[in-house]
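You will see two complexes here that share subunit A, one where it goes with subunit B and one where it goes with subunit C.
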Partner chain A sequence: MTPGAAVLPCAGDPAGALLVLAIVLPTAGFLLALSVGGGRAERVALLFLAGGFAVAIAIVAAIWRSGHALSYALGGWTPPLGIALRADGLSAVMAMTTALVVGAVALFGRQNFAAPAPGVEARVPLSFWTLLLAVTTALNLIWFAGDLFSLYVALELLTFTAVPLVCLDGRADTLEAALRYMLFALMGSVLYLLGTALLYSAYGTLDIALLSERVRPEPAVWTAAALMTAGLVAKTALFPLHLWLPPAHAGAPPAASALLSALVVKGSFFLLVRLWFDVLPGLPSRAPAELLAALGAAAVLMGSVLALRQARLKLLIAYSTVAQIGYLFLMFPLASGPAGGPVAAGALTGGMLQAVSHATAKAAMFMAAGVMAGALGHDRIAGLAGTARALPMSMFAFGLGGAALIGLPPSGGFLAKWLLLTASVQSGQWWWAAVMLTGGLFTCGYVFMVVGRAMGEKDASEPRIIAAPITGQAVALALAVISMLLGLAALAPLDLVLVGRPTLAVVACR
Partner chain B sequence: MTGPQALLLAAVAVPAVMLLGCVAPRLRGGMWQALWLAPLPGLAAALLARGSSVSFGPARAQFVLALDTSGAILLGSAAVLWIAAGVYAERDMRSAANGGWFVVCWLATLTGCFGAFLIADMPGFYLFLAVVSLGASGLILQGNTPQARRASGMYLAFALFAETAILMGFVLLAAGTPGGSLLMHDAAAALPTSPWRDPALALLIFGLGTKAALVPLHVWMPLAYPNAPISVAAVLSGAVVKVSIIGLIRVLPWGAAMPDWGAAMAAAGVFGAYYGVVVGLTQSDPKTILAYSSVSQMGLLVAVLGMGLRAGDGGTAIAVALAAAWHLLAKGGLFLAVGASSGTTARRPWPVLLPAGVLALGLGGLPFTGGAVAKLAIKGPLGDGMMATLVTLAAVGTTLLMLHFLRRLPASAPTRAGEAPAGLTLPWLAIAFASIAIPWALYSAVIGPVSDVLAPAALWAAFWPVLVGTLLAVGLRAWGPRLPPVPAGDLVVLGERAASGVATWSVTLERADAVLRLWPVAGLSLLAVAVALGAAMLSGR
Partner chain C sequence: MTFALAFDCGLAVLILAMAIWTIAARTTFPAVVGFVAYGLLLTLVWMRLAAPDVALTEAAIGGGLTGVLLLGATSRLRATEPPAVSERPSVPFRLAVAGLCTLLSAAIAAVVLLLPDPAPTLAPEAAAKLSLTGVGNAVTAVLLAYRALDTLLESAVLLLALVGVWSLAPDRFWGGAPRSLALRHRDGSLSLLGQVLPPIGIVLGVYIVWVGADAPGGKFQGATIIGAMWVLTMMAGLQTPPEISQAWVRVILVAGAAFFLAVGIAGFWLAGAFLAYPTGFAKSLIVAIEVALTLSVAATLGLLVAGPPARPVRT
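Right, the complex of A and B next:
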């Protein structure tokens, strides 16, 4: 099967319409929520997100059953004239993760973002619920878009919906964090757009499938790839371009932090994967892949050490995100290594699994930290004593999420680590394995630091820990459990990730 | 699922379910009475389910519980110790302030310990090892002193380093196993021809050796045991540390001789055996003396494994398991003896001291004790060469160390007035009895006729090191006070200095991060990343 044959959209494919639905449904919800106002936005959002969840399941089921990618040409116009939506295994897995995490965030957000009374207008709930729907739209568009310009639009939409989530509470410091995030993300967008324009001027199309056939190794492509990659890396907050992430993720309300850390940074990362493995498979990729992984390694070490040095729990988790993003980039040299098909396939699966596992685990940890901060009135790590006794459920969720980050079996983190370690052994690049193992030790360090403090006994002098509502805690725990069991469930998605990747062998030979 | 399979599952699942039950505060309170019940399915499995296996999960990554003979030996004796220690813990620790965590950590450690004895696949072993380490460090914390906190942190740190090495070792093992099997048995069989044989063995021996307190990776042990509550020290020194032995038994290839690796393990093990004796003699706390004796005895077990690996002797696994079972019961018992003797004022100490003396000298190989049986069992793998002589001489040292322990035992401060309650003495006497009876029963069941042990030559071979050790102890008594004091944990001081070095280094990193997060620097970084990527592509690789 040639790559072209696999991706040429067949307009008659009924399952392909699901992709349209996955994007249209949250958009419709967004518009409806805006028009009904803050008092009823919550109900609209929950309804449409539930629908989106069902659609995501249907997409995964369709791909899993048929074993090949779904595609849909909008309006029946095939590329290069029209726009195609396309869902392979990678996108299906990410869409399912999105539906899951967004659903959890919505349930968690109900306690913080309920309207004051039915029908009463309120700015913050309206913003939260509409932004939640808009982020979903943007993410689904990123997973399913088949051309680089739609992806640019999706990327911008994602940035402009994520930025207000940072400063929902309207405090000066969160506003500053949000502005910092937006400015840096815009710089990234500009670079990405420049690269896209270069590619268009060189080849006259932006469709991923068509580009992958036409791209040749020449200066225009190198420049475009460098610009686009740098822009996306800035949006993903890969070290040393992480200046915006800690204040933004630590300052946002817990529900928003969970969404930002779990999903939003994965959007631009996913685009990088698309770029290197689908758009530019014909490019010599070893040296740039190693550069990316070297930055990833620096992120793992730097982020972990800094997480250990934080005094506030949410900042600790934010720096942990910096480190975990680093892990994602270790997959590039492993998946484009010279050693042959199975190694590259294992590395790609491991990397994507790491993304999914981190999404669920980190969302759970941010939620649990939010519950604890709410009950304690602060999130200083030194003052956590007694939390484990007062809020066992949240602490358990935090611990389980931490265990998934550390990579204890049967978590998704374990399987991801196992696959990536195996790939590094089999391709003879053992130094990446050393980075992963060292990072794992640091992860243990900061997770146990928090859990150990929380298990301690509280001084009588400290203020009483107030009770926290059970729903939020239960949602965090459920996500943590899912993340912990992902290693078992992932044995099916293990193959799912590879559905629709006929070019993999080509990538691997390079 | 057949009966034996159900037993295998229950051995792990019953403590695990009890652990989950602790989520409810009401159940957690009631869990104390049930502590001694949790290991019962494990005991039943060891007795009735040998040779069976049960697996769960999707075909590509199965979770497999299987009970081979060496696993059954260790599981059964560990279950006996856990039951006795559970009774002791209920009497001793129930009134402690932070009782809820004690039960949780106890059950977690038990689950992990039994799981590790039963599991046949690598990810599962890694999981149970992690559960054991977490639970055990939580249990050490229950000593509730600053020293206990330091010991607990040290235990956890060493355990994490060990597990990191073991994980990488497993990855290398799996990468070298044809067919992608994750079973330790298959991986060990494929190891001699694996392209990653040497790094895999190095990592696994380093990791499991750390868990086995192989010198110089032993420093956590003399900190952990003396600072933990008695019941905790008993299960850790007896049962939990044997997880490392079962790990080595499972991952080493017994079908093929590996002279170099075997000799290295044997040398490291024997060095540890002597090191533990020498440093132990400088200690005064009976619990610390026992901990150093554990360093010594675990070294011996590793040495025997090494000799077996060197010769490719297939009988090593069972012999080492038997010797480990003896040490499991004896050491766990002696820790309980420390507790029982410190619980009583000195009016009638003999019911405690006399069996303690028998067990202590048994570690030196006193005839008719389990120690003599264990010694005979490891004779095969050890051979007749220099190593056998070194091990015999180590028995002289052990006798010396154990007499030192017995002399210090009554000196341990009584923690409460009056007679030791029966709840504290009875578990100790039960273990003392079991530690004599079980090795005999095991020897006749899996190795050979009991008459071997009773042959006059065997009796003499077992007796003379004890005799020499006793004579030496009498002769050297005057020297005792002149020995230089060595802090418990000896080499650990160096490690702590290194750790503070890391702390200053992390301050530097924090400053670097602050600079990198300045706007101008970040903007330049972005530019630099773009240029570097372009240059990397131009380089055309």
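Right, the complex of A and C next:
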């Protein structure tokens, strides 16, 4: 969509080895945790995730300092024969978000997924800790892979980690939700793979940078683009393929819900961004971008209305995810504007910021809801009265997360929506702005519905609220505060998101 | 009409018939049988297209392993079969699905006919660099050298599938053994097969792995045969599935991927890049990785067939 993007400015940077580490560390952790098993999986996971966190910081720092993308040719084989890992600004931002949210989920999960006794292995802890490491591998591969088939492998990894996470507690209804999710996800994988095969047969390479130079608007490319987009849309749960998401995300244990809503759906969304902006920049993409944004607008409205009608807190948050995913797709027609000028740059930054802001805010909200449900013994919204008094920290985290979703300053949601609104007004597409404002209003509605109930006085007939452990609440609050402060990114001297996109970066380096 | 053309046409008609049979079958068992036959016919197609590596994989995975897994699922689903049959989706829904599938197939067929001829391919480049890897089979070079990361992570996908299956176990059985695969009405012939076939199958599997470096074959195909032999002995009641919490089970499962990863990391220092092989040692390392992966993949496939733990841990 933006001509001139995704050119490889530097090959074989020594810092490129960091990208390998970001994938190798969680994979090694997964293998080690599975083999030592027992009660030691948790310690292995925490150790390797801490290492991964340091690597993510190093990657962001390297890109920030140099101002250009990192790359690494695996095995010394250069594309098209070999596979290259690449990290541009988009990858760096998502990798940092992943490290942050996965780290928070790990700390939050410690209270729920500890081994039953030292050295004793149980089903749920072993599954959770090994899957947490594997999901990190899958996501980092999605952010860094420069090759369409490696990205397919990443999607497979992601599916096979996300599905068991949904039915971790083994109840029949969560098994059903997991099965439905798996059918959608596998269908999406097959469509993606079909498109990849078509692109290879047409151009003889799977490398994203090489493809972007060779792709021309012709039937094979349009078919491939349609197949891959349909598949990824199903995995991202964009309306009308969202039906699998609410039961799956609401039925999972809180730590898993946070992971699924915050990061897993962003994986396939990120691939859509890669596909349209980096693989197919040569395609006249006005119509498909408008279609994606129209579906996004429908998702914002439908998801918000359905969220307002939920009786259970976790389902409300899950439907809110459906709506917030819709916002992400509004960036497509805005960021594909003419000649990739400042409007497009703003929209791209806004869209990615929305992804990061939603990731942190939604993870915080699912964790807070999990704490509340644990303390109340249920998650009926009608029975939330008194929660604010009994669990102020969790309620505050939920409220802050909600405020970030609404887009109150100085949250990341505020800056994201500001950038997207500006882009839509500047490019004369005011109708997307109308959708964003209406959606914001609905978001206010469902957040205040929960907060208002929780502020109420507790009915004496309701059972007593049990105290909740402090660690989980503190983690949720920390994430919510981060998402509330993300808007301060506007003060940064360099727009990290745009690193590695030459035509955009010129206007974006402030 | 030449014999070859007639054969191809007959094959295409048979495959279509098997596909329709699989979809139209009312109950699971005949559908699975149709699917396995479909996989075996596809094997012939790959042979006709001169792609023996793909044919071997299709036979082992598409026809064999998937068939066994699906038959296992069929036996578990037997109790729920009648309600599932009565809950068939409505006619308009099925027509809509059929319409979409037809549209999709037509679009792909049209596009494939429009593709450039000869198709752009990396095959010459893959063959040209073959000497650097020391192996003689370009497919093996792609899987273990040029695109080694994909293969490494695919072996992790397989382990994840097993973790996913295990995670469906009831909590009280965690760490125990999967249910016995031994058939209830087994007679002497199965027991005899269970004793006679494995030595032959294991030799065949090892041969396919070994020859894979220079000719069609490879770890996945060989591992599937070895895994199948293990399943056969379990079905004959000669062996029982192991308890999943035992250390040796876990070590065998992760050994292949772990060794592959270790060689890859060593490449940083010894060959200048992750997943690069030091000059002169490429072929021996590739064969070593294939052997380690064979063991792990065979064990994983056998345990996937055996299913989640279903018996308490013996103390």
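Definition applied: the second predicted complex is superposed on the first by the 482 of 510 C-alpha atoms of A that agree within 3 Å, B and C clash if a C-alpha of one lies under 4 Å from a C-alpha of the other, contacts with A are read in each partner's own complex, and residues count from 1 in each chain.
What we mean here is this: contacts are C-beta pairs under 8 Å (C-beta built on N, C-alpha and C of every residue); 3 or more make two chains touch, one makes a residue touch a chain.
Given the structure is predicted, the values throughout are model-derived calculations rather than measurements.
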Query raised in the report: Just subunit B (first), just subunit C (second), both, or neither: which does A:Leu306 touch?
Result: first
Requested in this report: Quick one: classify A:Phe184 as touching subunit B (first), subunit C (second), both or neither.
Outcome: first
Query raised in the report: Should A:Thr223 be classified as contacting the first partner (subunit B), the second (subunit C), both, or neither?
Result: both
Requested in this report: Return first, second, both or neither, reflecting whether A:Thr27 touches subunit B, subunit C, both chains, or no partner chain.
Outcome: second
Query raised in the report: Does subunit B (first) or subunit C (second) touch A:Ile57, or do both, or does neither?
Result: neither
Query - Touched partner set for A:Leu157, first subunit B, second subunit C, both or neither - result: second
Query raised in the report: Of the partners subunit B and subunit C, which touch A:Phe149 in the superposed model: first, second, both, neither?
Result: second
Requested in this report: Determine, under the contact definition given at the top, whether A:Leu243 touches first (subunit B), second (subunit C), both, or neither.
Outcome: first
Query raised in the report: Common interface residues of subunit A with subunit B and subunit C?
Result: 223
**Report entry** Complex contact set, residues of subunit A against subunit B
**Finding:** 184, 187-188, 191, 217, 222-223, 225-227, 229-230, 233-234, 239-243, 246, 283-284, 286-288, 290-291, 295, 302, 305-306, 308-309, 389, 392, 396, 408-410, 414-415, 417-418, 421-422, 425-426, 433, 437, 440-441, 444, 448, 455, 457, 487-488, 491-492, 494
Report summary line: The subunit B residues in contact with subunit A across the complex are 23, 57-58, 60-61, 63, 97-98, 100-101, 123-124, 126-127, 130, 138, 156, 160-161, 164, 167-168, 171-172, 174-175, 196, 506-507, 509-510, 512-513, 516-519, 521-523, 525-526, 529-534, 536-541
Query raised in the report: Can you list the subunit C residues touching subunit A in their complex?
Result: 107-108, 110-112, 114-116, 119-122, 125-126, 129, 145-150, 152-154, 156-157, 159-161, 163-164, 166-171, 174-175, 245, 247, 250-251, 253-254, 257-258, 261, 264-265, 267-268, 271-277
Query raised in the report: Which part of subunit A faces subunit C closely enough to touch in the complex?
Result: 17, 20, 23-24, 27-28, 30-31, 34-38, 72-77, 80-83, 121-124, 126-127, 130-131, 134, 137, 141, 149-150, 153-154, 156-157, 160-161, 163-164, 167-168, 170, 175, 194, 198, 201-205, 218-220, 223
